[in-house]
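Chain nomenclature is as follows: A, B, C and D, assigned in order of appearance, with residue numbering initiated at 1 for each chain independently.
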Amino acid sequence: MANFGGHAIPGTFFLLYGLWLAVKHTLCHHWRKGQTTGRQKTPTILKYMEYVEGGFEMFAAFVGIMVEQFVTDGPHAELYDHSSKSWVKLMNWQHSTMYLFFGIAGFANVMTTLTKSTPLGIDRISVSLALFVEGFLFYYHLHDRPPLDAHVHTLLLVPVFAGSANAMLQVFLRDNIILELFLACLFFLQGSWFYQIGCVLYPLSGPQWDLTMHGNLMFITMCFCWHLAIALLITSIISLLVCSIVKRVSGNSRNVELGMRNTANCSRKALLDETDEE
Amino acid sequence: MANFGGHAIPGTFFLLYGLWLAVKHTLCHHWRKGQTTGRQKTPTILKYMEYVEGGFEMFAAFVGIMVEQFVTDGPHAELYDHSSKSWVKLMNWQHSTMYLFFGIAGFANVMTTLTKSTPLGIDRISVSLALFVEGFLFYYHLHDRPPLDAHVHTLLLVPVFAGSANAMLQVFLRDNIILELFLACLFFLQGSWFYQIGCVLYPLSGPQWDLTMHGNLMFITMCFCWHLAIALLITSIISLLVCSIVKRVSGNSRNVELGMRNTANCSRKALLDETDEE
Amino acid sequence: MANFGGHAIPGTFFLLYGLWLAVKHTLCHHWRKGQTTGRQKTPTILKYMEYVEGGFEMFAAFVGIMVEQFVTDGPHAELYDHSSKSWVKLMNWQHSTMYLFFGIAGFANVMTTLTKSTPLGIDRISVSLALFVEGFLFYYHLHDRPPLDAHVHTLLLVPVFAGSANAMLQVFLRDNIILELFLACLFFLQGSWFYQIGCVLYPLSGPQWDLTMHGNLMFITMCFCWHLAIALLITSIISLLVCSIVKRVSGNSRNVELGMRNTANCSRKALLDETDEE
Amino acid sequence: MANFGGHAIPGTFFLLYGLWLAVKHTLCHHWRKGQTTGRQKTPTILKYMEYVEGGFEMFAAFVGIMVEQFVTDGPHAELYDHSSKSWVKLMNWQHSTMYLFFGIAGFANVMTTLTKSTPLGIDRISVSLALFVEGFLFYYHLHDRPPLDAHVHTLLLVPVFAGSANAMLQVFLRDNIILELFLACLFFLQGSWFYQIGCVLYPLSGPQWDLTMHGNLMFITMCFCWHLAIALLITSIISLLVCSIVKRVSGNSRNVELGMRNTANCSRKALLDETDEE
């Protein structure tokens, strides 16, 4: 994966996953608010979304592992080379391990949706563990690299571990829209930062970056904040779009002042949800 | 900003913001307590205060960014100088980035107050992020500086990150007066510490500080605690003043023993608020 | 304990304890769910399990301390050797200290089950302290060792301190099945990792590990994640088995559709348990 | 304070404070449990205890500051010596600062008990800040000392910061007997550890400790765990004694089976307190 593509592919996946989470959780939130007005709108579509998400995660993890293993310069499922007395392509093995845990997260997601006897929260804790393992492996990845290289990967750990903590928190504070959207935002940040790493270490055009120049370190640190700002912007735009679309769609099915009243109730309920945590 | 003024200006802003928060949250708290007595006193003024706060934050952030960019020795919106192959005035760019996030916090504040469909807590998490970004940029700011210089900036990170954690906590424990006043206190601390930094690095009068003498480090560490003590004192005085003024004002509008009863109810309610968390 | 057996014995204990916790908490969870259907099934067996657990912990701790002290090359309860002006076998003393705290945890467990006047949660906080002490002593154990040796012991701290935090959390979030099963999982991880340490430092067969080779460090880091994956797998399998067995057993004692209804209620209740935390 | 007495005095204070907290909180807990049975036993004595505690804290803090300042070799309220261009007796000034914050904690304690309009929790957060400041000043105290000296002071930070976190937690989880007794336990640990530090650095009898020998570091680390075990033992004994005395006293005032019923109710209520946090 030591090239631009190798960073663009996971980046794209994380961007898409962030997009997916933002859409899904906004829909769930809207449905939950609808609940309070007595209308029992069955969330079959939401269930299907969970299946799709989990299934895709498992599929993507499987493909990822296969690619990492059987790419031309991969380890081909060989772990230790007794002839040279050394480990074979540990980098690919580590990436396979990361994918494995995202696959587990997908499986947990499906199980939680499938059978009600699976305790709620298993899905979130497995996402938390997947992110933890990713950060954990990256963390022990970094030593004896040039300063800038180490720094961009260190900054990557911020969204990874923050996401892990966020998902862990969701085990106990389930259906908190702010936590959910913030997790989506952190996935956007991680995704776009993967692209940034690719640009810094393997620029497609222009000169190479000086990996030791202090100015570059300072710029990258600031650049990370810009990525965060953009991730926040994207998350809120998506959430607004979905919200307005859903409102228009569900709005057509009933007259206006009822809609008004619903909105009022929802907001009041949202208010109560918050306040009864004082 | 490498002069006394450059530290006095943000210091003043943070002091004023702390003052504002202390006043606002004391008023909110008093109004919430009033609620329990059945009187529906409309908090229109509180809403206006939120608009003023958010609007001012956005305005100040905009002005701050403009100043940082277009001050005579600023980068003038130029990021990379291809001629000298170096970044232009990264310090100013970093400060602009900090202001940007406080602007976002102001925007979130206005939105939360404006439309009930914005989930409560967005305002707090955006403040938390603004403080995180500030601390994050300062943190990667510090290396290869003389000991005392690095130390005073390290101490600055204490109120910054503590404030960030506090605001994040308020997302889940909303309307907890202690958290709210403590956040105000942390802003006072941050503000007064900015002044302290200015005095240490760019003394207006008297001799320069020896930036390597160990005694100075020990004194500054202790001095930080004194700032904290003073911040606690100021916060409680303000809160007391506001509380007593409000009580007198609202007291005139109804006879005394009713006031008594209200106070009793309030306190009992406050008591319940706490106890039902056991 | 500087041999394979010295790591296999604690490893085995932790694996068995993890197994025990997984079984016990799954039973408790099933019983709690049953509660909602109005049937008051007395958990006498669960109480007995607590006594057995606590009693065994105390017994094992006592035996462990005795062995550490009076093994042939042990300190024989002598702490300081005045002749050689040095401490006697501090390693054995440290292990005895660890066992002591697990003994305390067992005692607390028995007391909590025995008398209702012992506040609930004492049992969990004592487990948390036992794990903290274990990690605390290991942590100050590590310096001036070869890299790989230090690394495998550092990784051991992850399940230890995570388990301590988990148990501390259970003081406040009692009867949360996810926390409980995750703690069991962390004990599995710790147990299997003890075996891994034994294999790395004192291989039973084949060549010695090169304790300085970087490839080995990278592999061990990844290997730790595999242990975590296996621990998750084992925990879920055990939980599933126990759950299905219990359901079949309790299913026989009443007709089917009642069972159905119960399951429905349970799951709905579980759902409510979670959702009322929003 | 560079002598045995200088460590024995604070040690004694912390031991007594721990004793006080253990007694007070056990009484409060017993009274709270009594509440559920409908008997409104007025906790006047508990209020008085708060006044005594707060008042004593303020008094002790004042005396401590005076002593630190005006002891023969003290700074006599002189901070900076312009003749020698150096700070005067910063150590004494730092200790005065620590006492100041414990004085503030005492004041907050009195205010919270005095006027119901002071939000509950102010007392706990001020204790938390006092401990934070203590640890904060000790932390920046440690560099360039011999290994063992630094180590014993580092270990001191464990109960200090753990106590600070515990008190902060009590702001939100008030009247949780486990948190309260654990805080008492941490004060016992801190107190006894102060004695240990005194014994290590300024032995009253016998030879000096070798401050660089590794064996001593390992022993002290383990010794810290023994102090913790003893602190746990003392806390539980005190709590048991108080509980049994109170039960006998209050038992005399009503017939037995009523007592039984109360105890039953209490425990059930305690059970509910916990369970409704799931």
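Please note the rule applied: contacts are C-beta pairs under 8 Å (C-beta built on N, C-alpha and C of every residue); 3 or more make two chains touch, one makes a residue touch a chain.
Source: prediction; values computed, not measured.
Of all the chains, the one whose CA centre sits at the greatest distance from that of chain B is C.
Two copies of one chain, chain B and chain D, form a contact in which under half of the residue numbers belong to both partners. Distance between chain centres (mean CA atoms), chain A to chain D: 43 Å.
Once the centre of each chain is set as its mean CA position, chain A and chain C turn out to be 31 Å apart.
Residues of chain D in contact with two or more other chains: 173, 176. Chain pairs that touch one another: A-B, A-C, B-D, C-D.
Per the touch definition, chain D reaches chain B in the complex via residues 86-87, 90, 93-94, 97, 100-101, 104, 116-117, 119-122, 125-126, 129, 133, 136-137, 140, 171-176, 273. Looking at the complex, you find that chain C touches chain A at residues 29, 173, 176-178, 182, 215-219, 221-222, 224-226, 228-229, 232, 243, 263-264, 266-268, 270-271, 274-275, 277-278.
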